[in-house]
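Just below sit the structures, each encoded as structure tokens.
Okay, so chain A shows up in both of these, paired with chain B first and chain C after.
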Partner chain A sequence: MSTSNFTRRGLMKTGAATGAGLALPTIFTSAASAFTNEPTGDTVTFGFNVPQTGPYAEEGLDELRAQELAVEHINGMGDGGMLNTFSSKALDGTGILGKKVDFVTGDTQTKTDAARASARSMIEKDGVIMINGGSSSGPAVAVQALCQEAGIISMAGLTHSNDTTGKDRKRNGFRHFFNAYMSGAALGPVLKEVYGTDRRAYHLTADYTWGWTQQESIQASTEAIGWETVNNVLTPVGAGDFSSYITPVLNSGADVLILNHYGGDMVNSLTQAVQFGLRDAEANGKNFEVIVPLYSELMAAGAGENIQGVYGSMNWNWQLQDEGTKAFVKSFGEKYGFPPSGSAHTCYVQTLLYADAVARAGSFNPCAVVEALEDFEFDGMGNGPTLYRAEDHQCFKDVLVMKGAENPTSEYDNLEIVEITPVEQVTYAPDHPMFGGAEASLGECNDGT
Partner chain B sequence: MDAIILQILNGLDKGSAYALIALGLTLIFGTLGVVNFAHGALFMIGAFVAVTVQRLLGLSFEQIDPDKTDFLGNPLKVKMTYVESWFGPEVGGTIVDWSVPVAVIIAIPIMLLVGYVMERGLIKHFYKRPHADQILVTFGLAIVLQELIKYFYGANPIQTPAPSVFKGSFDFGVLVGFDPNAIIYPYWRLVYFAFAAVVLGGVFAFLRYTTFGMVVRAGMADRETVGLLGINIDKRFTIMFGLAAAVAGIAGVMYTPILSPNYHMGMDFLVLSFVVVVVGGMGSLPGAVAAGFLLGILQSFASMNEIKSLIPGIDQVIIYLVAIIILLTRPRGLLGRAGVMED
Partner chain C sequence: MKLLGLSAKDTRFLLIVIFLTLATPVLLQPFPENSGLATFNAGYPDLMQRFAIFGIFAIGFNILFGLTGYLSFGHAAFLGVGSYTVVWMYKLLDYNVVWGLPLAVVTSGVFALLIGFVSLRRSGIYFSILTLAFAQMSYNLAYSVLTPITNGETGLQVYRSDAQVLLGANEPTSPHFFGLVMSKSTKLNLGDWQFTFNNGYYFTAIIAIIVFYISLRIFRSPFGLMLRAIKTNQTRLNYTGINTRPYALAAFVISGMYAGLAGGLMAAMDPLAGAERMQWTASGEVVLMVILGGAGTLMGPILGAGFIKYFENIFSKINDQILQGWFAWMPDWLSGLLIEISHFFVGKSWHLTLGLLFMLVVIFLPGGLVEAGQRIARLFKKKPPEDKDPGHHPQPAPHVAE
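After this line comes the complex of A and B, so read on.
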């Protein structure tokens, strides 16, 4: 004969215990996985947000090529590229933490609102865990802020404005590319050596965040070597014909024109400056000179022979002879048939660095990734020993002073490396006034909870 | 004073381009009654004809230079153009150097054909549709054309230099009694201005002094009456569309040494040229030319530091500001006729 011990109190106790037991794993699981777009399947998705249309589309397409190559290398395809030279060995060519890497792409159109819209779409619809790429500082700052709000990692591509890791810095955002201050710090001593200390500079400046900060940085570095700044004229982005801005330069008392322009604007303003005879002119008893502080290979190709002898700076160039650069140029060159641009290098390296940080952290949680990247020192990715500084998430490494080649042998070597400026020369304090001063803060890491 | 002369000169070449595009735009509107938002794309296609001709003339074969290496460390392949190998380095080099003027000759039949195909293939189906439909379809066509150009030529500006003989600049100031270096002006911009004057004069002479032009002008004034006389005015208007396309095309070819061609240059010029047409008076050929130069020069003046320091940002809005003022005071534009777009 069996007896039953069911009582109302016993049933309630059992029910509460069972309920708590069932709920417990869920609570733990949700606590462990409570970050935006945690990958749950056997793949993890990256979002490559680059300009595929608009004035910087060519840069964006080169970034995409490099990002695709980086994904191949992370997933164990191809020759491994810079994974063979990277000082960290956390990646083994089997994906990241057992997951293969997949990617989706967005089109920033080099417009702030379009860049944010495509980033938001990739985060919300495609479930991307990080966003990488871009060719302009306006969209870069906007996308970085969006990623901070959403709780994912942003690794801006080609963004040279001081603001990106200055007053607009964010804990979830990192920048591998150098910045305007670094360009000025690298160029100053070279310009002093080549053109002397008695010069008068006239700036034409693109009227947006990048142009403003570059002009400020270059003015500071040239005035530090004794140059005088005659004028700074803001020009609309995409003006096309800069003749109205160039013609007053010769009679301004200046003997140097500094073009704080990028992309098609740089090509047009430099070409037109040459057409108006500035490079053949004399002023103040000296040859008139033109300087383009920020160079890219693609823009140099667009400017053709007009860049010959014109000084500028770059983050990286395929002609560097370190092992990392050689490995990347070989991989990229064999796949696509031409050497990679500087923006391609930045996006390739950032994709690998993100993957490596996840592998070292053992988690896709953005805050764990932030921790892994802060004060991370590495080598083998071009530019020599490199640091991702914790205070502002700016990458510090050697930068390049370039000059338009006098006798290029092909369309790819129209720039030549004048000097590899050591990182110590371009390093600054995290609370530097050009970078937001003491008020600038990364804020807290956001994992989306 | 020298600064004023400089800005007038700057405005002349910019105004020349506006006038050439606006002339075609208003010609098409005056003859066919179509607001052609693809007209800027014709300017862009012309520019890319120049790029194509430059590339064709630059077609080359490779020779191995065993003493040099490429970026992957392989023996360097040195290129030599077919033109130079056929005609010798001197003559061949000159032909390559003169690719832009050569492209003008090649662009004329190409642009006539493009205009004919555009009109017969698409735009004629929209003659009786509202202007909004015409604007939408031609704007869509412009986007398709610029994306095609981007697909084939990429998004970067492409250098298309002027012939060596026209490179550099001359001291215009010395000619008119100023100090050396006071007014420096590039040779090619002067060539462009002269070219625009010849083309504009040619179009006006064609319309004024030929029977064909007389019939077209009569058709613009009263299409039905001309039709009743047994004249196939539609055919003549189609030819005028081709002519307008050719004018925009060769304007684009000649502008390439001033502004490196890119796929969105047509759209950049279209908006300004449309404002030029409206300011000049819809359908008015002299109005388009006058407004083109007027707005080009005003835009240059607005870019002067002295003006910008007084009114920041004026260089970017001056054209639209002038358009608003003129339309408020003369709703038909500077030289517009009564009855045009007033139905």
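After this line comes the complex of A and C, so read on.
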């Protein structure tokens, strides 16, 4: 049926063309650079991949403000912010190694797939050398794996799951933010003091890597102080309406509700829990309590007065009184008119830490940067003395235990610091079972060649 | 010239498609690297792969929707099934895509057979609702219930601790086809222009050409004619004693397999499968692609897929900084005003621009972008095509969006 007219002449032509086609790649590769996206001009491009839509969008937009500020400070504009208080003085406000910093932005949509697609186009189209940002662990883990494959550096933003520097840790990925285990370790003793040892907890947990590991960590630390875990219910991210999950809580025999939710989800679930009268209720002869293990200012602002007296933990808060915090809050406030959130802080610090590591290493090569960041000790970035541990690329620093302020004076001081938990109390072994155990490893550094 | 059982006209058409597909890395990179217009360049691997993959997805969807008129709102489910299959093959065997892709086609075909068998008991809006319900069910299963299989919101990924029984010592640790690593590219610098020739793109492009050829043959076959007959008047077919269900079901399964292949290729380009690609928005997207391009035409779905993906990836990345760069030469008040206005149409508001364009196309070009092409072509022809027998032409089927 088919009437193809293959002639000898045609075949030879095709053969010659195919041969030439096969030979071409060898010609092209000679122009390849030493590592992925090696900056050749007088600028270097950072990729800021943050959620601009979806349940964690508020955090993402605040991150973007801080990243813009960090780029300004590296390029020598503005007042320099934390560069003045940072213990390392390798950055002098003239860009990095003589190159000005440029940046591109992307929208992760708070979705793993979209985050990865956006990061890929940044690497391939815009030629970014480092990706920073994000306020969810799902995307953070996926983007970190992508950076590892592509041979660039991932400076994770707000990601609190144990997995990011646990079982999913990567040599090219770094996390400054604290994690779920640290939240549990810091909250445990405080909860014991205020709520006693005889409590029954009910968990509502966001159904993805962060929710799972946070629930695991909080359950472990509350059970260590004698609490009992009644139930753990997984809820989809971005559910919007949590009423069907909250209704059964009151009659479950629990007297504490632990909301392993974040962002817009946490605002909704906490507001609904309060509307359902949970905080005025009594169970087992005690006041019913709500705990939000991971706090942020933006969530607190969204939840309004519902947050009063609710305990949680934070990586950093603008009300801290050290020099680094003051410098950052001042320059952020002058530019945008309000204090920065914790997610903004971690992205700002990560951007500076990357720039500083490049300056100290004297090269943009990701493997040199990895070497410069591993076991790097620094101070003056708002968290006190901090260590970037080489075994898992996790920062170790003090953790804040927070409480919703009873009498806030403005929408920005609706959280108060209860305790600054010292770093020793939240440190763990790199092969801790919650962090992938002995099997977890960073693998080899990849520079894309 | 006739090739592979195609008429001379179709052969020419296929050759044009092959040329366009293979030359994509050059055609999509019209602006020099450092010019202000470089933002509009689309010749980078990720986007080109998406063009080809969603082209396959839309071609397959068009076999169902364009030919039989059955509007499925659940095709993203098959896309997801394909992706999960391929990633599971990475986890169990190794990174060679040769195991996963055929299996993705098979599993999505079986899945389509099940869903199609139930859904095709109804037609019209009820069919659409049934497929939508099944797809949402699959999405929710993947998102929360079946997390041990799908890893939920985190997305299914390959870990170092996975079995990977076939993994050789020197084998690449990212998706490859017998050693041809998908993520590897060769770059060609010509003056200020940079062209990227990516292995993964050419792998997808060749598959896309093959499946385009298959769809061309289906369109021209007696089977395709029967599918068109279903669209034109299914009741009349039934009265003449023809059972149309098996034909519709076959079309449904074929388009499901196309979707599975597209999903598998997504995982072949990037070894991660997220549940979001099964969501109803993804199903709706392929409907938009086909309608925007021109349902029932061969080229339309591919155009539509390219159009939407271009908007999603290029317009969504134009932020205020880039706008400021463009308007910097204007007086302050004017550039400020223009940025304020453009702000609603670019960046994260790109959906608005797409929505407006979609409305324009549906209102003024019911035949999609293909109709636009035809109208332009007609302008240049000397006389309008003669209709030799106007009385004996079937009425064109009403457009779905009317």
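As a convention for this text, the second predicted complex is superposed on the first by the 416 of 449 C-alpha atoms of A that agree within 3 Å, B and C clash if a C-alpha of one lies under 4 Å from a C-alpha of the other, contacts with A are read in each partner's own complex, and residues count from 1 in each chain.
Simple rule for what comes next: a residue touches a chain if its C-beta (ideal position, glycine included) is under 8 Å from a C-beta of that chain, and two chains touch if they have at least 3 such contacts.
Only a predicted model underlies this, so the values are computations on that prediction, with no experimental measurement involved.
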Original post:
Regarding the shared-chain residue A:Gln275, is it in contact with chain B (first), chain C (second), both, or neither?
Top reply: first
Original post:
Of the two partner chains, chain B (first) and chain C (second), which one does A:Glu149 touch, if any: first, second, both, or neither?
Top reply: second
Original post:
Taking the superposition as given, does A:Asn231 touch the first partner, chain B, the second, chain C, both, or neither?
Top reply: first
Original post:
Taking the superposition as given, does A:Thr53 touch the first partner, chain B, the second, chain C, both, or neither?
Top reply: both
**OP:** Once the structures are superposed on A, label A:Gly333 by its partner contacts, choosing first (chain B), second (chain C), both or neither.
**Re:** first
Original post:
Regarding the shared-chain residue A:Val141, is it in contact with chain B (first), chain C (second), both, or neither?
Top reply: second
Subject >> Common ground on chain A, meaning residues reached by chain C in one complex and by chain B in the other >> reply: 53, 236
Original post:
Where on chain B does chain A make contact in their complex?
Top reply: 2-3, 6-7, 10, 13-14, 68, 70-72, 76, 150, 154-159, 161, 167-169, 181-182, 184-186, 188-189, 257-260, 262, 264-265, 268, 299-300, 303-305, 308, 315-316
Original post:
In their shared complex, at which residues does chain A touch chain C?
Top reply: 1-5, 24-25, 28-29, 31-32, 52-53, 104-107, 111-114, 116-117, 120-121, 124-125, 137-138, 141-142, 145-146, 149-150, 167-168, 207-209, 234, 236-237, 439, 441, 443
Original post:
Which residues, counting only chain A, touch chain B once they are in their complex?
Top reply: 53-58, 61, 231, 233, 236, 238, 240-241, 243-245, 247-248, 250-251, 264, 267-268, 271-272, 275-277, 280-281, 283, 298-299, 301-306, 318-319, 329-330, 333-334, 338-339, 409-410, 412-413
Original post:
Contact residues on chain C for chain A in the complex?
Top reply: 1-5, 41, 44-47, 50, 140, 143-144, 147, 152-155, 157, 159-161, 174, 183, 186-189, 196-197, 270, 272, 274, 276-277, 313, 316-317, 319, 347-348
